[in-house]
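Look at the two complexes coming up: chain A is in both, with chain B in one and chain C in the other.
Right after this comes the complex of A and B.
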């Protein structure tokens, strides 16, 4: 890793080998659920390295899923368009540096003693940890800055789904940043520094920490498990499946609007799991509800996890049967969710669940029909959707002169 | 108030010591030391020379006037190099100091009041400390502001104390918040002394280990609890009211001589916003009276005063910063105006009536101001 643009600012070098190993231990001690989600999930061989920030698509979508998440939704405070655009440029520069493993600005120390350092410092000495930062624009952003005419048709207001119990303080947002990394401290550092740079322009509306990826985009790796103990994401779109990515994830030029070409749409749902009642459920019922066996993850009547599921062998309300593309006219989404445990809920129960993140070319042909079809899902007895947001994910930042949102904001500038 | 930590007390004590270096002593000037004769009268302050070499200097003071006087050697920003109080009519005193090359003022204060009668003097030779006269003026003006706030606070505090001692709970409640405004505007300066803040502005949870709330908790918030929560005052409260006046009088005596620099002014402004962010926005500061927004406003006013005084220099070094600060101060003040009947009134909405969403809005506005304000110190460093 080179650091030629600011020789004085140290790059994050890990003293611990694979970044996050020490922290994973701490997290496991804090809750058995954590350890469960991570069992046998060996670190990918390239853990710690840097993921390129520039490209036709934003990183953090088709990128092999990292271990940790810090997701933040922001509301815009300023009404000054130029100021907001400048912030996007400042964010881009900071993201470019952080994803490469560098501190933001002039670094975390060594500057004027009278001034606070540009970088908050907690990621100094850590590896890039495959940090990706992915920005998205929420529907409400298009009510501001004269952007109304640029709101994509696909950026709909999500309908109310059966069983929704949404907390508006955990929903929506004018924009979002998804920070994923193999080291939680690197992800948190990224969101914290972007929030700081954004002060006066944007404020955090809500944020979510996640651990134990619940979906894999690397089929060769072991499929991770969610907090219910089941393998999740067996049939997910892999980062290497260029054709399926093109068909189901990236917005083609033909779909419009022009500024979204190469982008995607992100649905974020905070799904609370009723962990305690689930844990009292018999193995048979658990397997019936999912439509797969718990150990291997094989579909009902099959021997191996990756065997083609025979949907009709499953109960009519089995989760896999209802969510499967074959039950939804082929609707397919790329899932990138994480488990969360935000302490307890005051009633002695874990405030835990799945922070569901799904990328797709068009929510009207992705998440919406699938979620409607899940209205009769047997799993609904054990889960509740408590937060919801939808964001348009603009295309990637092409090079060092490009910036997040340029295609949207310079189109009419 | 800021929770007192042993460390901050030690630092403040060290600062207090530093402020009185060059103590008076009775020795004669020797080893080629410089003697400046100062002849003080009721309307004059004559010096035998206006230039002397840097290094050890001795003032031979004679009070030929009819009033008790004081003599000071001051930096251009009015920081005290050395001082001598209580010089009676017809008496002589010797005052010594170590001075570096640069400009100073010698001041006599007949009657021990006011800014004094000044004489500009110069210590020559050696390397002069680089100073920006605009920053010296900013510090001197801020020092005057701090003193003025303390001077204006005492009568308001006395009104409050009297109502407590009269057992007039309604009058005491009414006088409570106004008695705190001058303090809140200049709190970082008071905190730099270390010992006054824990006496007058501590909250019950701010008491240290081993301190007993029944005997060791003093000051405004102790009385706040009596007035609003216990709804009664007794002998102990009368005692505490007197004690508050004693402590605030001590503050008024000392505050003008605090160690103030452009950097400490800028950081003090940021600290005032920190006070707002951690104490007022949460409603912790005035948990019984709910007068948090009065303190909030006073903190912002004090921060803005420092900023306005430093602005001419800061603007030259970082125009974008001052533009942003002007904008964010205005935005926060506009937001605060929503909570009072007019822009001159300090009758702010009781904070228990301010809902969660409104509190978040206030918090966001504080963050929007405090973040750029944290860069002010760097913009006023003498280059």
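Right after this comes the complex of A and C.
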């Protein structure tokens, strides 16, 4: 494929534009000007448009949050480094095409009658739907392919937190791909086609569908409600807040390792909600637990969702009070979580909750201290963390010759 | 609530209109003129509008298919008939409000601080999203509450079909509610609130989320693709085809029992697809199996999706050939199936497929003969039926004083 293949749609100009920007900006890739440019250059968030795939940072982090999610963690099966690198290159090319609204491969859904189609076909005729594909590398990947010396210090093993009840089969993974799109069929199609390309090299360890976003990275947008009926994470980092993104989300060159410059770290937690119990709790208690009113989402004693909270007006164990940066030495994360419902457990209760996704520059200054502080959170009676994973998110793919993981595997070579 | 509570939205006029129509038409409820009126009166299928709840038939059958599904099967826990009937009345009132875009209960998300909110809140601020709620009664319900004499003859126990591998935990149920909406959060909210209202009286036996519709009931619309990448069920019954609806979907008075007049029968089948195997199959074989080309969806030898198929041009075991009414003595069903993806099985394969929903006047002349004829379907190598249920769908709720199941429970009283 060449850039000539990009469609004459809102994505075309942006894609071409990004190819150029990536080349020109080179090592300054993690700088604020670029982050700003990425956000400003992005097409407006209407459901059919394409999000540029190329850039100094991967899309799907500061990008305005799409409506739906399919997230997959993979384990590596091959021990052949060259084969794995080739798969990353093949994945990159497929991701480049799918995010632009093209089928995988030159043949698309068709091709030679005697061969399986390059693309599985179920997204044919659907719009790009603002699909983003974001890759991450788990701690266990660095035990393979001679990568041990390149594991970032910040890619720690997450400590056990109070109340954790983690299912091994919903935790960890050598790799992850986060697919976000406004159409769930587009997100599912993307994960499925990457899994197909990876067959024999990687296998899905676990995956999660999210049906409703619970966070916004669009400035001043209303925060969507979680399945407890509340707005949470109001002061999320917006995709336009260049300074906060640089301070809290993107890994600067100074942090190291070099290959992570412009990258980030992703914590994924499957948080089951005991919604049947929650639904029997009084309105007053629900509002006390969150530290907000339910209707508007305003902090205790305030009128509007975005009014600055007065933490001391809240109960000591209120969620907002314990999660607020002021209670955590300024620790701040970018949230992109989604609500999930995965059928019913053996007791007739909906297996539902929040698939929490948080991006940060360093988990040791982000998720870990915040989650430790939430040990006394009144909300803990109604939730349980049942899955957990941490991934190093490499920087963006700069242009059509670049590929996911190049900075890591080139450093190693 | 009174009709004055209905919103000043596209639904308002229709709702009031239906109250009147239902009263005036009385016993002629199953007639073609009414079915036509319902369809014509429905607001245009844009994502935010409300679908009228009142009518001679339940909405969610002939209604233009919404994008997303949450389907729940319930088992009855109470043995108190009056308590169960009261729950059906409470459900009806909640369904009436939710489909109009209102929260459940007068208090909505708020209410008395010392009481749990009437509504769980997560749909607050979302549009009606064309939500429909459709109730059904399973065979096992008729073992309870002295209903044995009222079980319709057509509500048979489904026979075992070739290749069935049914999971008891994904099959059956005393009751079902099908929630369809263009926003999945609206569908999930509806099921969850009905489950909450039913607490202690019923419990969810199993539930299924569907992320992408695979059928259309809108005339001449493109058929959406299933997860095999194909269009299937092209000649579905459209919501405007009054004659075919009357012939194949709605139960006429002559069929009996009386309480089912204007109702229908729903077959729900969870069909797992072995998509990894399918994805390794050649294009030619895929097209031979379906009897269509993959790109356009045209039958073998034809140019367009809706061209009349020439069955003898297809392989004898082609899916279209075996499923076509001409191969089944005219048997015809109305399809409203959805694609699903429920994470991953223990072997790293996506647990994905088709949640097949088919409405018909009589399963003995609809699903059963068709499914028997599909015993030699070439597709069977790539799919497996893993869940199954059959429900009698009572007629619609006529007006604000009517309730789900009234015709059944009044007949009995």
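Convention: the second predicted complex is superposed on the first by the 364 of 413 C-alpha atoms of A that agree within 3 Å, B and C clash if a C-alpha of one lies under 4 Å from a C-alpha of the other, contacts with A are read in each partner's own complex, and residues count from 1 in each chain.
Basically, contacts are C-beta pairs under 8 Å (C-beta built on N, C-alpha and C of every residue); 3 or more make two chains touch, one makes a residue touch a chain.
Since the structure is predicted, the reported quantities are computational estimates derived from the model, not experimental observations.
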**Request:** Could you say whether A:350 touches chain B, chain C, both of them, or neither, answering first, second, both or neither?
**Result:** second
**Asked** Touching A:185, do we find chain B (first), chain C (second), both, or neither?
**Response** second
**Message:** If we overlay the two complexes on their shared chain A, which of chain B and chain C does A:200 touch? Say first, second, both or neither.
**Reply:** first
**Prompt:** Just chain B (first), just chain C (second), both, or neither: which does A:112 touch?
**Reply:** both
**Message:** Is A:294 touching anything from chain B or chain C once the two structures are fitted on A? First, second, both or neither.
**Reply:** second
**Item:** More chain A residues in contact - chain B or chain C
**Value:** C
**Message:** Once chain A of both complexes is superposed, is A:125 in touch with chain B (first), chain C (second), both, or neither?
**Reply:** second
**Message:** Tell me the contact category for A:92 with respect to chain B and chain C: first, second, both or neither.
**Reply:** neither
**Request:** Under the contact definition given at the top, report the residues of chain A touching chain B in one complex and chain C in the other.
**Result:** 112, 114-116, 196, 199, 203
**Asked** Can you list the chain B residues touching chain A in their complex?
**Response** 263, 266-267, 324, 328, 364, 367-369, 371-372, 374-375, 377-378, 381
**Item:** In the complex, chain C residues that touch chain A
**Value:** 68, 70, 72, 75, 109-117, 119-125, 169, 183-185, 188, 191-192, 195-196, 199, 203-209, 211-212, 222, 225-230, 275-276, 279-284, 286-287, 294-295, 339, 341-344, 346, 348-350, 352
**Asked** In the complex formed with chain B, which residues of chain A make contact?
**Response** 77, 112, 114-116, 196, 199-200, 203
